[in-house]
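Next up: the structures, one after another.
Shared between the two complexes below is chain A, which has chain B as its partner in the first and chain C in the second.
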Partner chain A sequence: MKCMIDGREIEVEPGTSIILAAQRLGIRIPHFCWHPDLSVDGNCRMCVVEIEGSSKPQTACSTMVTDGMVVHTDSPQVRKARRATLELLLVNHPIDCPVCDQAGECYLQDQYMEHGLHDARISLDEKVRKRKVVDLGPIVLDAERCVLCSRCIRFEREVTGTNQLGFVGRGDHTEIAAFDNRPISHNYAGNLADVCPVGALLSRDFRFRMRVWFLESTPSVCPGCSTGCNIFIDHRDGEIHRLRPRRNVSVNRSWMCDLGRALYKGAGAPSRLLGARLRSEDDRGMIPVGEALDLLSSRLRDAGEDVAFLASPQATNEDLFAFQSLCDAVSGMLDFRVDDPQDRMAVLEDGVLLRADRNPNTRGCLELGLGRTGVDAIMSACRAGRVKALLLQGPELLRTPAAGIFLEKVPFVAVMAENDEPALARAHLVLPAAAWTENEGTFVNFARRVQRIERAIEPPGESRPRWRLASDLLARLSRPLDATTAWDVFRLASRSTAAFSGLEHVSIGESGLDLDAIKES
Partner chain B sequence: MTKTVEYKPENLALFERIRARYPEKRSALLPALHLLQDQEGHISREGVEYVAALVGVTPAQAHDAASFYTMFRFTPSGRRRIEICTNLSCALRGADDLYAGVCNKLGLEGDGISSAGDHAVSSAECLAACGGAPALQVNGAWVENVQKGEIEDVLAGRLSRRPLKWPRSPGEPILLRNVFKKDSTSLATYRAGGGYARLRDHLTTPPGEIVEAVKLSNLRGRGGAGFPTGVKWGFLPAGDPRPRYLCVNADEGEPGTFKDRLLIERDPHQLIEGIVASSHAIRARACYVYLRGEFHEACHVLENALDEARGANLVGPNVLGTGVDVEIHLHRGAGSYECGEETALIESLEGKRGQPRLKPPFPAAKGLYDCPTIVNNVETICCVPLILDRGAGWFASYGTERNAGPKLYCVSGHVNRPGVYEAPMGSITLRDLVFGEGYGGGIPGGRRLRAVIPGGSSTPMLTAGEIDVAMDFESLSRAGSALGSAGAIVIDDSTCMVWVAQRLTRFYRRESCGKCTPCREGTAWMLRLLDRIESGKGAPSDLDTLSELCETISGSALCPFGDAAVIPVASTLARFRAEYEYHVREKRCWKEVANTYEDAAGGAGR
Partner chain C sequence: MSSRVFTVNRNVHPGFWPIIIGHWETLKNLFRTLVLRQASTIQYPEQKRDVSRRYRGIHILAARADGTPKCVACFLCATVCPAECIHIEAGERPERTIEKYPVRFEIDLLRCVYCGFCVDACPEEAILMSRENDLVGTSREELIIDRDRLMRRAGLAEHGVGYRPTDHDLRRPVRIEAIEDMKNRYGLNGPRPRR
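Right, the complex of A and B next:
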């Protein structure tokens, strides 16, 4: 089906709305209530367009493209209608942008600036008064700013099924409300602030933190579980201010969960490890990372084949590949399945996005063949005193209750970690690792989708990406890895790993690739 | 400790029976709230939670729906609730004085509860009692034609029910053939008049043939839009496995309209027979009659008639042994004009706020519970047995070409004999309806006619010189108006037309469902401007803003309500603009200085 929008032709499948067809041409039709991942409600009447042959403007969200249709999205008739609707939306709006946290990402503000609607024909004392600053737990509600678009209600009905928000009253006295002002109790509250096109629902966490126009955004993937929601990391001057979902219809549509959203806090926490730490007889001492790597490499060399490696499903494929290469260099034992995350990998916990496996890259571990020796076999070897050195890519093992018993007879345990925690005391050497926000590379989600993360900020202190720690060790073992960036490591991995064969980080793109689909094509 | 709210055992049992009427329990929300409110007097927060749990929704969902409807009270109310219609037809006959008188006696400034706590007063929108104006309801019972001197009687409980006396029509009654009979609501009376006599034949006629007959009869919907009924039925998707539903629209809320109320209150079996035959025709096994919440009396009458009909195997499984199953359920609304719009009606029936859906899809393709659904007006359905009994040819030739069948016309406001009159469609003119001996009988008090709204508040007004127009769809639309729901409101020359626009706009502003921006915000803005102009505080630019708003709202609202809502303003601005200008220029309403606008305009020396 072909149609013409603003003089440009586009072909779409039957049942495509004008707003979507226009979007594909990069034409954004102003709107409030329409959302690509929610049902069409048609209530705001903002997205009107002119269709040749039709006397009145039509809403682009609810009108389907027909063959030969000619559409104008910015004609004088359209601009007039849009301006009139906008003015009506402002009738009861407080226009308090200077003190509103939505400023900078508010559809209403954008439009009202564009149409220059400053000469309000309705005075403030004529406006309907509604409730302001209502505490709903993770969300702060201001009913006066609400444009009654019902996006939040549709989100809770269609995505979470929680239905905690609803309207009260009718006509121009309609107000958005949570029953009895009860706090929003589901794990997706942050999305309510995202879907709200104005400043009526704001995130308590982000409120008053930062004007959004100062922020820089880096595309990434949430490391909170095996779903791998696509996100943006919003940061400024080396500090992360928030995470927000990045739309990907194949993974998370426009959403992410609150557990994931909170994960940026770890990267800037006071518990970050800024240098290496060696446990000696009486005290714990900080040592330069170079020295720590020297020590560790000599331990690995001395141990001969009596070494074991436990990879971490928190790590990127590049981290994993470098780690595996290290293990192969000394012919050690290798696995990653502490607590068997692979058994939970595909289990959807809440029917929405969150999966029971809280690792972003369990699937990557499987693709790279890191489940080799068996964790039980490695643990028995440890208990039998047959392991002289154990290198952990993350603290997973140290956190298990039985760790102490297993590690009793291992003379040297080294661990890579981002944050300090009591469990690390069980290791002799701690290496400071870069957090996921400071690393680049790839994860494979539960459904075999390989996705890229990008570096938003620099690693603090002497911390560095895990793949870098591994390649520094390999260099010391005279088996240097032919890589200076994570993408070089990916190239190496793609040569030896069937799943990644022929892939490059560019071809993965910002929305990732389905490995099953590649195999078929 | 807060008191826990729950049904008394007999109400819980009743709820269970109500709940069983619907395939989805959420539909029981409105009935469940009515039941609780009747028991407790109002619906508390705990009450909302209790009902929400019973019908399987969250408290927020229940409150979202409940708070949409004006009949639900969330705070305690008075023991005797007096609802006084102050919409146009009643206001033209003294409702404002009546309202002020009642408030005054109770020491109230306006809507509220008397200090003794025994009376609650509220100004209501059109109650479909325009023929008995001014009218009120005391705890749901009609008290009509209330004289100022009777306020004491109402407050003392001496006058607690008095429905209007319906006048008779001059010609041969067809739709109204039973309503003046003694015991007109009983099965025996209906049968004695030939009712149900051929129902068995109709139910053994193949459905397709009945649809064909209805098409041939040229029956057009009586709910307002005049869409050909047979054609609408033909839109049902053939060979679709989903159940089909018939919804009868008995929400009668259009100001000036009170015909469906008469049909239900006085001849319920005619409607029931129509439903059974129509359900068979469209292969629906269940029909919901959506009765406006204020129709307490009609609900009671229809419930009793249904019991009788069920007892006589005229409704229910295997009707008259024909193998046709038709169940009829009553569903009460709870105070919302918009619920008369067919998709809002369906939403309301599903236990949600009465807000319309986007069309397409139309109900015939995706309606109640997403199944194929036909929504028809009460009068439309009442025509179906006539077509089947007397023949499609008879029906088509009764009335005028393209405007077939008998028709009920309502007339109210400034006429001597307000009421509902029957005549063959198009056989009388608007002048006949207003002035005709057997109809409205002219303007009282020697006044002159100023304007008539011919078909309910959503149809454009006509001036005294424009009333020689036949009362049918085509003629009225040629005259620049519409037949609508055939509710004529007559306005004499003592009436300020800005006030008329203001009163009707107040109605649209109160009844706007609030879903779409232009109607929600625009009606409120229009009312503010009209309040200003009528009270002499308007500016010349306000008239331009009003015109702009009319254009914006009618061009962009989501449902036809938006188009309707601007009609009072648009049509008075078009025909009586000088009167608006007078208000702005003289900074007052002309009624302060003269008896008619002509006198005032002349007297002002311009």
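Right, the complex of A and C next:
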């Protein structure tokens, strides 16, 4: 089916709306109520376009392309209609941009600058006053700023099925409300602030933290569960201020859960480990990381084959591969399944995005073949006193209640960790690891989709990525890893792992690759 | 383009006249300063130079009637600042009509280039400039001046308000109000420094 938009021809499949067809040509049609992942409502009237043969402008979001349709998105008639719509939407807007967190990513601001630029005909005193700063739990509602686009209502209806928001009142007194002002209780409240095109629904957590135009966005993947929602890390001057979803139709569409949104806090927490720590008789003293690695490598060398390695499904494939190479270098025991996340990987927890397995890379551990010895076998060897040194890639094992009993007879336990916690006291040596926001690499989600994370900020203090810790140890064991970046490690991993063969970080791209689809093609 | 080169013969005695001319200039200025009192220099710091009414000196944060800052922490001054010398942290105000105010507002006066862009950018006329220009301190930290010091400027009555947005924009009552308030509080145009 062919149509002409602004003099450019495009062929689309039947059932494509004009707004989507235009988007494919790179023409952005202004809109408020239309959202690519919600149903079409057509209430804001901002997306009107001129269609030849039709006397009045039509909404581009709800009009499907027909064969031979000729569309003009920037004709005088369209411009006039848009201006009128925008002026009407702004009639009762409080214009409190200086205190509004949406400023800088507000559809009203952007579209006023692009299509409006009219003088106000209504003074501030004449405007209809509505409720401001209404506390809805994780969301703050300002009814005055609302343009009544109903995106939030459709999100509640179609994505979470909770229907907690609705319109009340009539005419210009219509406003968004939650019944009895009850707080938004589901796990996807943050998305309401994202779908809101204006500053009516804003995040409580991000409130007044930072103006958005200062933020730099790094594409990444949420490490909160095995779904692997695509996200942006918004940061400024080495500090992360928020996480927000990045659209990926194959994974999370435009959404992410609130548990995931809160994960940025760990990376900037005051409990971050800034250096290595050695448990000694008198006190637990900080030592330089280089010294700690010297000590650990000599321990590994002395222990011979009586070494056990426990990988973490929180780590990237690169971290895992380097860890595996380290294990191979001393031919020790290796596994990763503490608490067996494998069983829960495919279980959806709330029917939307969140999965029961809260590790981003359990699948990656399986692809790389890290489940070798079995955790039970390693534990019984520890208990029998046959393990002379144990290296943990994450603190998961130390957190389990039985860890104390199992580790009693292990003379040397080393752990890589980001944050200090009481459980780390069980280890003899603590190595500071970079958090996921400070590392680059790949995760494989529950559906065997390999996705890339990128480094947003620098690791604090002496902490370094886990693959770097492992490769530093390998260099000390005179088995250096031929890699200077995480992507070099991935290249090495792709050579020896069937699932990743022929892949490079460039080919994975920003939206990831389905490993099953690659195999078929 | 070539430049011309002069050769000066320094061996020739210049004669008596240049000395007379030189001394004449000196004596003329001595007479002007001592007798006619027309010296161009001033006795700083006892005397201060009269500066323009739009002089861009040390900043002022305007206050509301209740003593809280007028600033709503919109960060526009920090955004426009070419020297990146303004540091703001926003907090929540109990009044729902205002919502936001600066918990911290610091200007590093050693970084500041006194361009006045912050005054131009401010939508609330909360930041103004004074005509105070003598900035003295014994440490760098002392010259990072915080919200409360910016709001209660000791030298303001003496120097007066300097650069501020012109009040020809009569459609915005908030601006006039602020200026009236400053007039009552400090005397907007200030007593002019005596010479």
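One rule holds for everything that comes next: the second predicted complex is superposed on the first by the 517 of 521 C-alpha atoms of A that agree within 3 Å, B and C clash if a C-alpha of one lies under 4 Å from a C-alpha of the other, contacts with A are read in each partner's own complex, and residues count from 1 in each chain.
Note that in this section a contact is a pair of C-beta atoms (placed from the backbone, for glycine too) under 8 Å apart; a residue touches a chain by one contact, two chains touch by 3 or more.
Treat the numbers as computed from the prediction; the structure is a model and nothing was measured.
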Examine A:N163 and indicate which partner it touches, taking first as chain B and second as chain C; both and neither are also allowed.
-> first
In the superposed arrangement, does A:W213 touch chain B (first), chain C (second), both or neither?
-> second
Regarding the shared-chain residue A:K2, is it in contact with chain B (first), chain C (second), both, or neither?
-> neither
In the superposed arrangement, does A:L89 touch chain B (first), chain C (second), both or neither?
-> first
Determine, for the superposed model, which of the two partners chain B and chain C contacts more residues of chain A.
-> B
Any idea which chain C residues touch chain A in the complex?
-> 72-76, 79, 90-92, 96-100, 123-124
Within the complex, chain C is touched by chain A residues 96-99, 103, 132-133, 207-209, 211, 213-214
Chain B-facing residues of chain A, complex = 40-46, 48, 56-57, 62, 81, 84-85, 88-89, 91-92, 121-122, 126, 128, 147-148, 153, 162-174, 177-180
The answer for chain B against chain A in the complex is residues 45, 48, 57-61, 63-64, 67-68, 336, 353, 358, 509-518, 520-525, 528, 545, 548, 551-552, 555-558
